[in-house]
Amino acid sequence: MGLLTNLVDHLKAIGTGLKYLIPRRLTLMYPEYVEKLPEGYRGYLRYDNEKCIHCSLCARICPANAIKMYRGGDKKLRPGINYTRCIFCGFCADICPTGALEYTTIQDIAYEKLEDQVYPPEKFAKGVPQPVYPEKPIFIIAKVDEERGLKYDRV
Amino acid sequence: MELKERIETIVGSTGEVRIDRGNIVVEVKEPKKIIEIAKKLKAEGFDHVKSVSGVDYSDQGYFEIVYHVSSYSTPELAKAILVLKVKVPSDNPRSPSLIEIWPSVEMMERETYEMYGIIFEGHPELKRLFLPEEFEGVYPLRKSFKIKEEGIMA
Amino acid sequence: MSEEGYMLLQIGPQHPGSGHMRMLVKLDGDVIVDFIPDVGYVHRTVEKIAETKLYIQNIPLLEKPILNDSGNANLAYIIAVEKLLDVEPPPRAQYLRTIMAELSRIASHLYGIGILSILIGSSTGFMWAFGDREIFIHLMQMMSGARITYSYMVPGGVRRDLPDQFREEFRKAARYMRRRYKDYEKIIIKNPVTRARLEGVGVLSREKAIEWGTVGPNLRASGVAYDVRKVEPYAAYEDIDFEIAVREEGDCYARLLVRFQEIMESLKIIEQALEKIPNGKILAEKYEKMIQPRAKKLVEGTGRIKFPAIYVNLKPPKGEVFSRVESGKGEITVYLVSNGSPKPYRLRFVTPSFRNLLTFKNLIPGHRLADFPAIYGSLDYFPPGADR
Amino acid sequence: MYDLINYLWETGLNLLFSPEIFEPLVFPGLIAAFSLLIVVIWLERKIAAIIQMRYGPYYISRHTEGALQLVADLLRFLFSEVIIPKSVDKIAYVLAPIILFAFTFLPIVVIPVSKDFAAIDHEYSLLIALALMTLYSSFLLIVSWASNNKFSFIGGLREGFLSLSYEIPLIISALSAAVLFDSFNLIEIVEKQAAMGWGIFYNPLAAIVFLVVIIYSTSRYPYEIAEAESEIVIGPFTEYTGILFGLGMGISYIKLYSMSLLYAVLFLGGWEPVVWPLNLHPVLPGIILFIKAFIIVAFSVFLRAVYPRYRIDQALRIAWWKLFTLAFLSLLFSYGIKIIEVMG
C-alpha cells in the first residue's frame, strides 16, 4: 500500500508541476510597470513651509534621528530630513498638528551621492523628489485576484 | 489567591512574595537560596524560563536578575507568570546558575553574563554569545556604558 | 574540536544555507557529532538602544529584529506599554490588531515554509511561499501603509482604520490561499521526497521541548498545546473561536504541517474578526481628546488618526510589566521597567528565535549533514530575530 | 587553380560529412551538444520560473523570452578571471574539469545517428558507451580532491558513493535491452526495434529504471546530492571560478544529453520516427533521434521544479534496493520475453 500511495504522490507532484506550466506570473516587471500606490502609503515626505508652526514635534518623535531642526535666518526652527536614516514610519507626519508634513506615495528614488539625501529645510520645502525611470513606465494598480493571487490593472 | 499561598509556603522565609499586575513576584533575599526555591518551584510544575533579564540598579549598589518562569505542562500554571528576582551586589555580581534546574536558561544566562558581567556560578559555558571579541570585560547593558545620543538640532 | 578522525566544517556566514550566522559542525563521516551555533552577526543591541529612546520611538526599533513578523513584535511591545500606562484600547482597535497580527502570522509562516523548502532543495516551495506572502503583504500594506515595517499599533489603539476594499480583498485572498493549499499539498507537503527528508528527522520529544523552553509551532508540533492566544488572550482573541494546531510527532514534518495548519486557522480567525468587528473609535478616549481639533480635521474621512503631542512625552508611572504574545515563530516576551522617565529604564525583549536557539543547538547532533538544513529550516530560526 | 579549390572544397566537405568527423564534431557531437547545452539550461530556468510564477531569464533578449541568456553567461564565464587558489593541486585543478568535460562527450562517438552513419560502428558499441560513461565520476573525484576544500571533498565523496550505486542498475538495465534485442551493437538494436517495436513497450521496467538512472547519475532533482547548494555550496566545483566553473556547470548537462541519446537508441526506437520502419532521407533520422533525446532531457530538467532533493543515504537505499531489484527484474523480464519468442 505504501508503495502505491508513494507512486500516486509522485505522479500528483509531477502532475501539479505540469499543471503550472501555463504561465501565470506574479512578478511585477519593475521598472517597465510601476505600481501606483494607494493614498496613505508611507513614502517620501512632503514639507510645507507655510503650514509649519515650528513646534519640533516631528524631530522629537523621529525614531531614527532622521529629522533635525534647523534654525533659520528668522530664528525659527524648521525641520530638515536625512533620508539615509529615514525608516518611513510616518510618525512625523502623524504627529504634525498642521499637516505641514505629509507622506506621499513616492518611494523609488535613487541617489548618486549620500549627501544628496540630506534635505535641509529649504531643500525639503521645495518639493518631493520624483523617481526617474529608464523609459515611460506603465502604471498599474495591484489587486488581489482569486485565480492568480495578485493582478495588475493598468491605470 | 491559592497559587500565591502555595508559593509563599515554598519560599518561606527565604524571600518575599507579592502580586504585581497579576504576576507573582518572588524576591529572593540571598542569591544562594535561589537554587533551593527554584528546585521547589520546578517540583510545583514551573518547567521553563521565559526570560532572564539583568537590571542595572548600580546607583543603589546592586544588579537585579529577573527570571520569568512559567509552565508548559500544567495548563493552570501556564496562565501564571512567576517573577523570580534576586539582587546581587554590583561590585561583585555573582549568582548561582539555574541551568541544572531549568536548562532553558542556558542562552539567556549567557546573554546576561555578557551584557552585565553577572557571573552565574555553575554555568558550563559562560562566554560571549553575541558580542564581538573586543567586548571582553566591557558590559554594554550596564548603565555605566554610555552611548552617544543625538539631540533634535542639526 | 579538531581531534583526529573528525572533520570540522564551518558553515556560514558566507554559505547559501547558513543565514546570518556561523555554525561550527563537527562531522564523523556524514554524522554530526558536535554543533556550535555562533550567533551575533546581526546583533544590534536593541535592548541598549531602547533605553535611549522614547517609548513611542521604540515601536519601529522592536519591529526590526523580527522583520518578517513585525505585526506581532509591534503588538508585544504595545501591550507592555499599555499595561504600564494603564490604557485600554477601544474594541475596534483590538479587532484591528487581531487582524494585523494574524496577517503577519500568515506572512511569517509562509516565509518559514519557503526557507525550509529551499533548504531541502525545493525551489518551487520557496518561490510559491514567497510569492503568496506577497498577497498578505499587500493586504497589510492596505491596512498600514507600509510593506514590511507596519508600526501599526500605537499606545491606546491603532493608526488607521480598515480601508473600504479590505473585506473584499481579503475574501479573495482567503479563497485563493485555500485553493493554493491543495497545490502546496501535492507539490510540497505530500511530495514523497519531502516526506523522506522530513519525517522522523529532528525529532523533538515533548519532554525535551518543555525542558529547552521551545516556543511556537515547534513546541506545538511536539505535542504541547501551548498558545498564548488561548492561555492569556490578548487583543480580541477572547471573542474568537479557533483551534490550536497540535501534533504529536515532533519531527520536521510535523512542524511543517503545524505551520500550514496555522495559516488555514489564521484565515478563519481573520474572517471571524471581520465579521464581529464593532464600529467605533480606533484610539483610546484618553488620547483621542488630546488631539488638536484642527489636526483631526486634516485626517477626516481618511480613516487615519493624528498622534496627540503627548506621544513624545509618555511618562508611565514607576513599575514593571511583562507581556507575552504568540507570534508566528513563537512567544515574544517583553519585560519593561519604568522609572517614571520618558524613556524605558530597562527593556528586555526575548524573541522566539532566541529561545529556539537552545533547541536548535541541542537538536542537531546525531543527525546527518544533509539533515542540518532540514532541521534549521523546520525550526523557522531567524538569525536577526535571535540576535536582536 | 579552380580545380584545386574545387577539389579541396569537395574533399573537405566529404571529410566533414564523413561519419568519423561529422558525428563527434557536428552532430550529435560538439556543436549540437553545445547548442543543446545553451537551450537546455535556459529551458530549465524557464520551466522552473513558469511553474514558480516568475519570469526567469528575460532581459538578455526580451523578444525570445531570454533565450540568449546562456550565451551571455558563457561570455561572462569566458572573460571572468580564473582564480586559482594557493592551496589547490594546480595541475589537477586546471586539467581535471577540462578532461572531464572532454570525456563526457566520448560516449557520443559510438552512438549512431542512422543506419549507416556512426563514427565507430563496433560490435560492442553499447558496452563501449556504458564504459565511457563511467569515467565521469572518477574525474569528478579528482576535481573535488584537487580543490582542497571541505565542501568540494564532501561533494566528491557523495558523487563517489552515488556512482558506485547507480552504475550497476545502469548497466543491468542496458543489458536487459541488449538481451531483448539480442545484440550489443546499437545499430542492430535500433534495426530490431524497427522490426518489432520500441524497447519501452517490450520492457517498460528497464526503460523506467534507465530513466531514473539518467536523472540519478546526472545530478538532476531529486538526486541533486553531490551539488546540494544549501548543504555543501556547489559540491566539487566550490573552488572554481570563470570558465572552469562554466565547464563544471555544463558537464552534467552534456552527460545528460549523451545518456538521453543512448536512452532514445535503446528504448525509443532510435531514429525511427514511429514503430514501423520508413525509408527516410539521411538528415531526418538524426533530427528524430535528437528530438527524442531532447524530450528526455527536457523532462529531466523539468523535475527541478517538482522535487526537493533526497538525502544521500536515502538515494543510496533507493539505488541498492529499488533500482537494483527492478533492474534485475527487468533483466529476467527480457529473458522471459526471449524464451517466449523462442518457444512461440
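Which chain is which? They are A, B, C and D, in the order written, and residues in each are numbered from 1.
Just so it is clear, contacts are C-beta pairs under 8 Å (C-beta built on N, C-alpha and C of every residue); 3 or more make two chains touch, one makes a residue touch a chain.
Just so you know, these numbers come straight off a predicted model, no measurement behind them.
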{"item": "Set of chains adjacent to chain C and to chain D", "value": "A"}
{"item": "Winner on C-beta contact pairs when A-C is weighed against A-D", "value": "A-C"}
{"item": "Whole-Å gap separating chain B and chain C, where each centre is the average of the chain's CA atoms", "value": "25"}
{"item": "Interchain centroid distance [CA atoms averaged], chain A/chain D, Å", "value": "48"}
{"item": "CA centroid of chain B to CA centroid of chain D, Å", "value": "63"}
{"item": "Numbers and ranges of chain C residues touching at least 2 other chains", "value": "124, 131, 187, 191"}
{"item": "Overlap residues in chain A, where contacts from two or more other chains coincide", "value": "13, 16-17, 20, 26, 60, 62, 149"}
{"item": "Chain D, residues touching no fewer than two other chains", "value": "51-54, 305-307"}
{"item": "Touching pairs - complete list by chain label", "value": "A-B, A-C, A-D, B-C, C-D"}
{"item": "Residues on chain D engaged by chain C in the complex (per definition of touch)", "value": "48, 51-54, 150-151, 154, 221-222, 224-225, 228-233, 304-314"}
{"item": "Residues on chain D engaged by chain A in the complex (per definition of touch)", "value": "47, 50-55, 302-303, 305-307"}
{"item": "Parts of chain A lying in touch with chain B, wherever the complex brings them together", "value": "56, 59-60, 62, 65, 67-71, 80, 120"}
{"item": "Chain A contact footprint on chain B (complex, rising order)", "value": "150, 152-154"}
{"item": "Parts of chain C lying in touch with chain B, wherever the complex brings them together", "value": "39-40, 43, 45, 47-49, 52, 83, 209-213, 219, 224, 226, 231-232, 319-322, 324, 331, 333, 335, 337, 345-346, 348, 350, 354-355, 357-358, 387"}
